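Here it is: the structure, laid out below.
First chain written, first letter: the chains are A, B and C, and each begins at residue 1.
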């Protein structure tokens, strides 16, 4: 049974077992009792000249909201960022390591590191320590070679370059929405509108996601952080 | 020799009173007696060339890896060596390790300047310890940086010093080789200055650089390096071709350029043969010109 | 085949009781020594198919990487060249496939750099497919003995090597699974393909198949896998190794599917019937 993919665990779970892990989704079930989780919705979209990253702000322990306005978008280097999901402790440690390696690399090479390199470092850490980590990370940013790139690094430590990436428990609710709304070669504003709409809809249906929406746009010119209040989310019209 | 070092030349861990490290200087001298290694950064790539004296008549040279002095470091980097071949192999292996390690760690190829810096740090380490002997070799590193789409040539010397060059030479005959290479259009700023100032003898007295002259291509670089090798071997007499006064020798050449997809590979044998033929003809023609000049002078004297 | 690892996994679950917090959603179980080991794949690819034909060997796979039942990555490449004349394809954990690929490519690069000659045409010491396959078998077997398997079933395709090191005319097709079992055959399939595609391939296979026939057969198999494997996709890649052309991997493309059978189009579950499925 250990060989079964994630979803099958849910299937084979008895009711009693399900109760014992009440409030935990497939992704957060592995957390230790009391461990903080960014049971999350995160997203990144590439556009011509950069990327936009987006995240909700809810951090929970079980079903208690430990922080309702957290920032899950962490800076790895000048133009490189990542969205964190999974254990808050694990992903914070991971980003700290990658940040450290990238700053050293930037000094040695005397140039801006590539997003590809940031993603590779993150993947190596996630892959080699997969047994001890609960981390799903999206690495995205701008560099002079790629002119903007997004990499998705899910639980096991695979690393997959993508034009857009979704992650966290809330992402499962919005794959259909994003598949339908995504277009190639979007402008920055179109990409921003897409991630805000998508994450709003995930937050509305995923109990582990919520709060406000934080976005970050990384381009050659720099980084622009914005947020949308929890009462001004682009959601609906259906509200029931 | 003993007097020149006067007791301060036994270990690289001790400076002489006038601030020299004799062991490092001796290591450089070890390189000077080796066959030359040349590198030329052209407009569309880099050419590496080594001159290999074949003094032992019974030596097997065909189809054997022994005696090779140009090494592949990774797919896009080559290393040409002058000096002790064994020391050179050690440096080449270290370069390979650094390149492979960088690729594994960062998932991207090591930039040539970073590789050169790491290699020079390695070579330099051997100049610091009393228990270590400095490397008796100089390495020319030709690399392509995919991120900046730029190719570069670096030279790492026994002291651990490392600089980037448009043209570099090490080993026996490096001075005349450098003089010859300075005449070639490989330095963009000097070439531009020469073009702007109206041709030869412009800024800095750029001999041989014609007005508006383009930087030379690797194809031309191969020919010029072949000519330089024959020139430095022939300097001092025995004009022409074939085995020079220094005895028989071979040329080993590699390049990385647009045409090879920036892969570092051997210069095709037919291209090399053609270059050698061209070089011999050039040298012969120049020799005849000189002879004519001599005749005229003789005539005037009469 | 997968027996020993899976039962190994569940028996170690007893000793995993100390990790009660992780409960049924076990990421890692413990072996006798108390070390944590990988016991399940997370990001997975499904079947890979391989077949020998007249001039070479061909592999086929779809481009889906699943995350449980979520079709998470629909454009992931699972057929990877490892050197100029060897190709691998793998099902199972995608991160493990990436690390296998990294390993083989690093080995190939080292071989190229330490080759006897600067001239590619002189160098015959590149690993042939059979060597890659043997090496992979050793790696996979060692990892499973360390109770930390690479969770993949891999197919290796290419050519045999002549005693002088040159590429022979004999194609090679072999497989290694996650526990280190390795064998060669004229046609191979991993995962679901072993149940669905392999019988079809056995029925249609001829040693003298033309490239077009081989490709058509593999495409038919992929299409049927798409119909019958919940973790399959109709976006696929085909790759071949030929003696002259070396390794060639196609870009991902989509297979046409057919749903217009009369019995599919006409309703079977109306009010007048006893239902259907």
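A few points about this structure:
Methods note: a residue touches a chain if its C-beta (ideal position, glycine included) is under 8 Å from a C-beta of that chain, and two chains touch if they have at least 3 such contacts.
Since we're looking at a predicted model, the values are computed, not measured.
When every chain is represented by the mean of its C-alpha atoms, the one lying closest to the mean of all protein C-alpha atoms is C.
Relative to the C-alpha centre of chain A, the farthest chain centre belongs to B. This structure's chain pair with the greatest number of C-beta contacts is A-C.
Chain centres here are Cα means. That of chain A falls 29 Å from that of chain C.
Chain B and chain C, compared by their mean Cα positions, are separated by 47 Å. The distance from the centre of chain A to the centre of chain B, each centre being the mean of the chain's C-alpha atoms, comes to 51 Å.
Residue numbers of chain A whose C-beta contacts span two or more other chains: 123. Interface residues of chain B facing chain A in the complex, by the touch rule stated above, are 105-108, 111, 113-114, 117, 147-148. On chain B, the positions that touch chain C within their shared complex are 63-65, 68, 70-75, 96, 100, 103-104, 252, 254, 265-266, 268-269. Chain C makes touch with chain B in their complex at residues 102, 106, 109-110, 112-120, 122. For chain C in complex with chain A, the touching residues are 2, 5-6, 9-10, 13, 21-29, 36-44, 65-70, 72-73, 75-76, 93-96, 98-99.
By the touch criterion given at the top, residues 1-9, 12-13, 17, 20-21, 26, 29-33, 123, 127, 130-132, 134, 152, 154-160, 162, 172, 175 of chain A touch chain C in their complex.
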